[in-house]
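Below are two complexes that have chain A in common, paired first with chain B and then with chain C.
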Partner chain A sequence: MNRFLKLVNFELGRFMKIYLALIGITIISQIAGVIIKSNSYVERANEAIYEDLIPKEDFFATEGLMSMLHVLRSVWFMGPIALCIAALIFYVFFIWYRDWFGKNTFIYRLLMLPTARIQIFLSKAVSILLMVFGLVAIQLILLPIESVILKWIVPLDYRIDMTVGEIIQNFRELQMLIPSTFIEFVLYYGAGMMAVFIIFTAILFERSFRLKGILFGAIFVGLAVLVFFSPILIMEIMQTYYLYPIEIFILEIILGLVVIGASIWTSHFLLKKKITV
Partner chain B sequence: MMRYWKIISITIISIFAIGAFYIQSALAEKNSFPDYTITTKSGDEEAVKRLMLQGTYYGEGEQGQGVTIQKNEVAYSNNNSLLELINPNYIDPKIKRLQKEYRSFMRGKENNIAPFYENEKLLVYADVDLGSMINDSDFTFDIEVLEKESDETEAFELDVPEKNKYAYIYVEAVQMAEGELKVITRQSVKRLNQNEFHVYRFDVSTQKLISDDLIASYQEENDIGWSYTDLISSSNTSGEENKYIAFVKTILEDVQGEDGEVYSEEVAKELVTYNLESKQMKSTELPDEINGESHNAVLIGTMIYFGQESEAGGELIAYNIESEEIDSSQTIDQLLKGENNGLLMKVHEGKMYVANYFSDRKTPGGIAIIELDTGEKLYEGFVNVENPKTVPPGYELILNEIMVQE
Partner chain C sequence: MIEVKNISKKYGRKKVLNGVSFTANKGEITSLIGINGVGKTTILNAIMALTPVNSGEILINNEKINKASYEKITFIPDAITMLPQMTIAEAMQFMQDFYESWNQERATELLGFFKLKESNKISSLSKGNTAKVNLLLGLALDVDFLLMDEPFSGIDIFSREQIAEVFTSHLIEDRGVIITTHEINDIEHLIDKVILLDEGTVIKEFNTEEVRENEGKSVIDVMREVYRT
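Coming up: the complex of A and B.
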């Protein structure tokens, strides 16, 4: 266990600089977004109400009251989130390929470690998961801070105050990242981890058989997707909706676990028997 | 220990932030949207115990949120939620009950109540299968009869007569009495701008189609205008078969306006009844008192109950098909009258449930329940917001369906 944690810590360390930079960009951009959007709203409101003498009610009726939702819709807010998502998707691949193509073929040393090789695989997966959770956590910490900054800038009667829960509930994109119930959180990120495992296995196919491995990897991904979505596919093709939604749901969870299991087992086999440096 | 700072700090921050968020949202869930209550003005509170009002709540500057209001419970739905997909709120309570009681019979059947018929002994399902993707008018009757006591199911499929003639066929109602199954359908004829109502009769024991009767075409054009026909839904509370099918036929004439443009003007509403026993059709003009809005009307036995808006707010008019007279009318005066404050109605087990579509701060929506037989008002009340101070002043509640739990 200690070895495993060491491996995870080590994997995190190798991406830490970029990871902290991503967090930094997110904090700066989002807070700047709140300040800029709030100031421009107050300016526009004051100009309309005190200079153009438009009645307050009319201004609010057309412009709406200021709230965090105005900030969320801007590129200041969504931009860094998109950047983080893209960076982590990129890192799902890079976390493996850097070991081969980095300085002094690092995978050689990793594979020589006296631990089970599947631990390398799992430590990389856990690192990705932890980094995703870290970013979600940072967003959850940032939202109340941003709300407070908005309150400082925008006067009480110009704004609607919302709790973090309300902000997320009113914004679809954010709700996909932070669903409203914990069960859904587990399910969404569980499905995400399944995808990561499948991609990892495909990468290992490529690393084991090179050019031919790309084909094997693609076949593996196709099979995994087919198995996972089979209940829905079968029902759509047959046009008979034989199962109740709750049954499909349970079946999908089971199939998800099956796919994850198959992915880990295949990777274990590839790492042990087929991998080439 | 310090060597592990990366893994430890990320884990702690994640658990702290994500955990705090979900714990807090579980605790605060009830406070983010207003609590609605049904307040009684008169009548027995028991009457609204099983009432479910579905609608959308709009806070100020917020997007609409689906809501289901019951006497003691308010549930807000979340459109993006996975769990909502698994157990949706909007499924008809009757379907929910049937799925619970006859799980294997209901398996694979859509959440539409129209193709089902239930009495004490039988549960009948008769739908028209739309066919495969290759042949889009390969219409077949898909009939299943469950005998409740023995738990035996008899199932058979039959081709729809002249099936290639139709573009679609939709089952409107199913009835069964003495081994004879009647399926009332609405269908459109391919390439013609023509739509028809049919009654198909089946002998369940021999699994044969007995007859196919065309009872009405529901959109017809002639030289001076056009007309359309709507089916009045029927409700059988006693489990007895309805003797009639009824339609409202709206006749429109082309009128030349002052600016030279031609538009259609409604000139008359007729009540068309079809006697299932004698296969006789009869057309009568509706009395002036009845506006003939078929979606708020219901046929029970030989009576048609029209729910409509009136000077006082709302009224319920009972019309007897056989005597062709208005039997009784009942005003529902407490329901508020406003510009966009129409009425929503639902008949369930011999009672008419009526509610206003719209509520806001100034005008809470009204609710009334009327016994159809006697015209007696069983209940009157309002949909009210609790703690109005905490609710945004510009909120609106728009109801779209009344349901009664089974």
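Coming up: the complex of A and C.
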């Protein structure tokens, strides 16, 4: 195993306990959500239909048939996703700062490894990407399981069965997480990775120049955002929408790559020449 | 040979190093001495490219430091550079995974020498034992140069004696050592060369053997003379 892969493996290992806890919370909360929401629906339906003698059609007309969408809109489902997103955003910063602070200054060891320092940067970024993909994969595995649980609880005439694809297509928040087309995948995850790279570079500016570095980092973030959104901004300012959506898409991909390239190059420079323990 | 050539370093407006120059050779123990805040640690950090200098140049075996240099030179800071949740065995495994110069035989020998248990967690170690693990992780590398920052700082007398023993053993032989220390008594007789620092500059550089033979003075005598005037 080469040193880069060892570094990625090491970074993943350092977050594994928290990561597994996040996965555990997601599984428990979402399955609990399916059970609670399904039982509650069946109870309400039975009460309305058999005790209050409301015709089934009237009940379904007002309440709608039970489907996974009822669960998806609840805090049981979205809560753990929000928690995972918040934890990963926090981790984007923590993955660097933990090495500088505390009794054990691990940054000394990392910077003294006989490997190009940019590998530290890239291994941290890849770790975050793998963690995101891991959580999305867990979600993809969970959705059909949750659908089956819903089917066990809710009678056939009370529910609408949906495939995983239909569930995702009908819930915008999930579409962002699990894109259905390659273009969407490149757009969402490319933008996400670009944001991680930009934040990493801003952190390295701060770690290299401390107080002044915060300003340099903020300028870098500002410039990166400006460059990335420049086609859209120019069109908005000029009020001339002369580019087709596919042209904007291609331009954004190119500019995204330029920003990522600039971020890696700047970080390489900072890690090699300016970083301070 | 490590060549530090006219390096200067500022933190904000404060000049920490001002034109520091010296050389350290393989097979010699060079000690950087000076009061707190004089720039000793900054020099070691600068040699290892852990902090940039504003001017000057540092060469290791005639080359600027690069990734391959970390197989030839290592730095043992005053705080341990491993994660507290690691066991000593895991810390050693980490070093073995990343350094070709890791010498497992020597690491095992050092474990025995320091009477350390591989299964112990770093976070559970006493200050003395933490310093020993830190030393073990550096000494088990087959490197030409070892930089040590205050290896005796804040540790008990028995641990100090044990660490001092390392300097007379084959574990150091033939390597170049740069050490910063306040506890000069422990290793005074082992030092080959002394660099006295004050306010970020080298105020005196001498060979201990020469001073001892020609002037009949110890390192501490010279320090008294220099710092009291």
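Following the convention adopted for this analysis, the second predicted complex is superposed on the first by the 273 of 277 C-alpha atoms of A that agree within 3 Å, B and C clash if a C-alpha of one lies under 4 Å from a C-alpha of the other, contacts with A are read in each partner's own complex, and residues count from 1 in each chain.
The definition used in the following text is that contacts are C-beta pairs under 8 Å (C-beta built on N, C-alpha and C of every residue); 3 or more make two chains touch, one makes a residue touch a chain.
Just so it is clear, the model here is predicted, and its values are computed rather than measured.
Check whether A:246 is in contact with chain B, with chain C, with both or with neither, and answer first, second, both or neither.
A:246: touches chain B, not chain C.
Determine, under the contact definition given at the top, whether A:269 touches first (chain B), second (chain C), both, or neither.
neither
Spot which of chain B and chain C makes contact with more residues of chain A, would you?
Of chain B and chain C, more residues of chain A lie in contact with B.
Considering only touches as defined above, state whether A:116 meets chain B (first), chain C (second), both or neither.
In the superposed model, A:116 contacts chain C only, not chain B.
Quick one: classify A:5 as touching chain B (first), chain C (second), both or neither.
Touch partner of A:5: chain B, not chain C.
Identify the partner contact of A:94: answer first if only chain B is touched, second if only chain C is, both if each is, neither if none is.
neither
I'd like to know which partner A:277 touches here: chain B for first, chain C for second, both or neither.
The answer is second: A:277 touches chain C but not chain B.
Look at A:209 in the shared chain and tell me whether it touches chain B only, chain C only, both, or neither; answer first, second, both or neither.
After superposing on A, A:209 lies clear of both chain B and chain C.
What is the contact status of A:108 with respect to chain B (first) and chain C (second): first, second, both, or neither?
It touches chain C, and chain B stays clear.
Find the residues of chain A that appear in the contact set with chain B and again in the contact set with chain C.
Of chain A, residues 6 contact chain B in one complex and chain C in the other.
Along chain C, where are the residues that touch chain A in the complex?
By the definition above, chain C touches chain A via 45, 48-52, 67-71, 74-75, 77, 79-84, 94, 97-101, 122.
Which chain A residues qualify as touching chain B in the complex?
Per the stated touch rule, the residues are 5-6, 8-9, 12-13, 16, 64-65, 67, 69, 130-131, 133-134, 136-138, 140-141, 160, 163-166, 169-170, 172, 175-176, 178-185, 187-188, 239-246, 249.
Can you list the residues on chain B that touch chain A in the complex?
Touching chain A from chain B are residues 3-4, 6-7, 10-11, 13-14, 16-18, 20-22, 24-26, 28-29, 32, 60-63, 65, 78, 80-83, 85-87, 99, 103, 107-108, 110, 132-133, 392.
For chain A, which residues count as touching chain C in their complex?
Chain A reaches chain C through residues 3, 6, 10, 14, 102-106, 108-109, 111-117, 272-277.
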